[in-house]
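Some structures are shown below for you to check.
Across the two complexes that follow, subunit A remains constant while its partner is subunit B and subsequently subunit C.
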Partner chain A sequence: MAVNVISPGLSTTVQDLGRPGYYHVGIPISGGMDRFALRAANMLVGNDEGAAVLEAVFLGPELEFTVPATVAVTGGDLPPKLNGDERSTWEAFPVKAGDRLSFGYLKSGARVYIAVSGGIDVPVKLGSRSTYTLGALGGHEGRALKAGDSLPLGAGAGGKGAIPANLRRMPGNPAELRMLPGLYWHRITAAAGKQFFADTWKVAPEADRIGYRFKGGTALDFVPREQPFGAGSNPSNIVDACYPYGSIQVPGGTEPIVLHRDAVSGGGYMMLGCVISADMDLIGQLQPHSPARFVEVSMDQALAARADRKAALARLRAHLGR
Partner chain B sequence: MTPIHSPLPGTFYRSSAPDKPPFKADGDAVALGDVIGLIEVMKSFHEVKSEVAGSNIRFETENEEPVMAGAVLAQVE
Partner chain C sequence: MSIRFSFGGDEHIFAEVSEEMSLEAFFTSLSMTNAVKAAGITGVTEICPANASFQVKFDPDRIKPGDLLKELQSMEGAASKSDATLQTRIMEIPVFYQDPWTHETLMRFRERHQNPNATDLEYAAEVNGLGGVEDFIKAHSSQPWFVSMVGFVAGLPFLYQMVERKRQLQVPKYLRPRTDTPKLTIGHGGCFSCIYSVRGAGGYQMFGVTPMPIYDPTQKVSYLQDEMCLFKPGDIVKWKSVTRDEYDAAIEAVDANRYEPVIRPATFSLSAFNKDMGSTNAKLMETLHGR
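Showing the complex of A and B:
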């Protein structure tokens, strides 16, 4: 009962819904960057929504199955091929022992979630099977997959069905990332705040699971002040503080970085605020150089957006009869 | 002409460093597995190896140009 890794892709990791509860001691939440797609993949193959799957970014792996199973690939448009024959994304398909799954070129989005019935049965570490590569924790030996790895599968019945485009979610062009200004917003001038929302930014090539950096917008103007004791000399420095998931730090005031699932938990850069939880999945599907805007929302709007995402998940479950 | 595609989205570089000559110049021959450039993404550089052999390579993507996965980087005869 295993999946063998023939080639690993660029950076393919085992992920589930994450490892909440340890961020205060510096261990990030990890888990899939697009958790909606991750849940959808699991639903299609008949798994619990939080079962462990493979997250592949930009370049797909090549995998060999040693047992019959049901497989689904969701998220970005990275065309799956079974023994060379193209399969659809967002649709369950059966595989036989000896079958090989490979992928074509990425057409849109950034990450796919490859669910196999039974789930990837690596050991649970601190309550999760997710891989945190920087800390060498969880997943398969705490690291991205390598050729020759063999991943154990759990027992699973398998599912069927497909998820139509109107029940999926992908970022627009430009992507609109809703954000709630935070504690340090007063550090920038009113004009700088306005410009931050007016600019269209571009994803920097170095964006990864730790954070997404954005380039091409206007540098921030800070309100002059005497630097407090313990903060560095740069106007973007603060006395060290906790960094929330989704927080937008702007080192040097030039390039905003949105912290994502594998982020550090604290440091000394001011944060403009947080991308709302409802839009964090969208970031996981952004390719380098793709355009994005930040859109200001209130707490009420953020909570309404969270409720909308819950409703979207409920529609998905209803569609698949779960 | 046979295209050589970028396997990844990112930034394309034709040489290993700014002060180094390009891996391949227009008109060069290409053997299977030859490195024709680098793609920078997620804080690392990935070699683009030719999956075809041929002659007279013509680049269609400039040095430091952003590319999508599947973009045609060059053509070979």
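Showing the complex of A and C:
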């Protein structure tokens, strides 16, 4: 009852829906960056929506199954191949003992979720199987997979079906990331705030599970102030504070960084607000150099967007008869 | 002190007690987060105190953001009036200052530093107007520090020195952050010291290392089996300068899992501290050393 790792891809980790409850000691929630795709993959193979899957970024792993199972790959368009024959993404397919799953080249998106019926059964740490690599916690030995690893599988019945394109979700071009201004938004001038939303940014190469950096926009103008005691001398510095998930910090006022599931929990940079919960999944599907804009929304709009995402999940469940 | 509240997206309320750091701001933040915890508000999922601010994460499907905000605001009066007395712990953390590992690392990143011709400790002594490295180490390790925040990465404590503001050590962070910091490095940036719980990037000046693990995801270290992270906000820390031999002996004890940290229960009163810092700290030292 195992999946053997023949080659690990670029950075493949075990993830579920995360590990809430320890952010106050600096342990972030972790879990799939694109939770919608993670849930979809689990639904297709008949798992609980929050079962542990593999998250692969840019390059897929090569895996060997030791038992028959059902597999589904969702998220970005990274074509799966079973014993060399291409399979569809967002569709369940059976595998036999000895079968090998590999991947072609990434066509769109950034991350795929590989669900196997029964789920990846690594030990639960602090309530989750998710990998937090910075803290060497959870997942398989607290790290990204390596060739030669063997991942235990849980018991599972298997599922079937496919999810059509109209029920999936991927970022547009440019990606539009809705954000609620706040936190230290008052530290920048009104003109700088306007420009921040007007600019089209590009995802920088420094983009990972901790956070996504964006570049190519206009540097921020700060409202002048005498820096408070303990904050540090740069106008973008604050007395070290908590960082919300999705918060947009701008060190030095130049390149915004959106913190994601493996966020650092606090630090000394001002934040302009947060990307709303409904759009966090989209960030996980952005490749470096892809264009993105930040779109201002109100709390009411953020809550409406959140309700839309719940409805989209409900449509997925209905489609698969769950 | 009036708390500034702001929504962090649709899942967080961020609260800034004060723009500047002070023990008063920290205590208000701690009593607010304790009050929120005690209130057991439906829909609140995480409560994170920080140096002079705090954050509450919530599930907007279970509580309306505006309702939670009102509830937090209603607690503000009680929290700021509460007697700032804390039942806490004092612990001794051994530090091997000027160790070879942070020295090797700081030499690798000299081009990112304000003074490429000095070590981090030499620079810190100079910008604080102290005679030299030995004087700086004395200033760093002679008085206790408050854990005013835990975070950044798993189990990393931010520490605030328990002395008058004019005596507080202040050192700018590196001009550009390093991509590497040895595990268990004692760092300092702005007015805060820290202990890097894991190896990784960092921008604080590096002064030394402690042999004492403070985060253990495997939960094997004898004193980290219940909680992976040693520190909690409100803990009091006293650095103890140790030699290479003492460091090596401690590492041997850690490796054999028989290292016993010095940790004692302690009471701290902010008003007593503000009245007489010297004697408050002296009493804390007596508590630490079991006298």
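Here is the rule we use: the second predicted complex is superposed on the first by the 322 of 322 C-alpha atoms of A that agree within 3 Å, B and C clash if a C-alpha of one lies under 4 Å from a C-alpha of the other, contacts with A are read in each partner's own complex, and residues count from 1 in each chain.
As a convention for this text, a residue touches a chain if its C-beta (ideal position, glycine included) is under 8 Å from a C-beta of that chain, and two chains touch if they have at least 3 such contacts.
Keep in mind that what you see is a predicted model, and the values were worked out from it rather than measured.
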Identify the partner contact of A:59: answer first if only subunit B is touched, second if only subunit C is, both if each is, neither if none is.
first
Residue contacts with subunit A in the superposition, subunit B compared against subunit C:
C
So, does A:105 touch the first partner subunit B, the second partner subunit C, both, or neither?
first
Answer with first, second, both or neither: which of subunit B and subunit C does A:206 touch in the superposed model?
first
Could you tell me if A:182 is touching subunit B, subunit C, both of them or neither one (first, second, both, neither)?
second
Where on subunit A is subunit B touching in the complex?
10-11, 57-59, 104-107, 110, 205-208, 287-289
Give the list of subunit A residues in touch with subunit C in this complex.
20-21, 23-27, 125-126, 132, 134-138, 142, 179-180, 182-183, 185, 228-233, 237-242, 244-247, 264-268, 271, 273-278, 299, 302-303, 306, 310
Within the complex, subunit A is touched by subunit C residues 6-12, 14, 16, 18-22, 45-55, 57, 60-61, 65-66, 149-156, 158, 165, 172-173, 189-192, 197-198, 200, 215, 217, 228-229, 231-232
What part of subunit B is in contact with subunit A in the complex they form?
5, 7-11, 40-43, 46, 66, 68-70
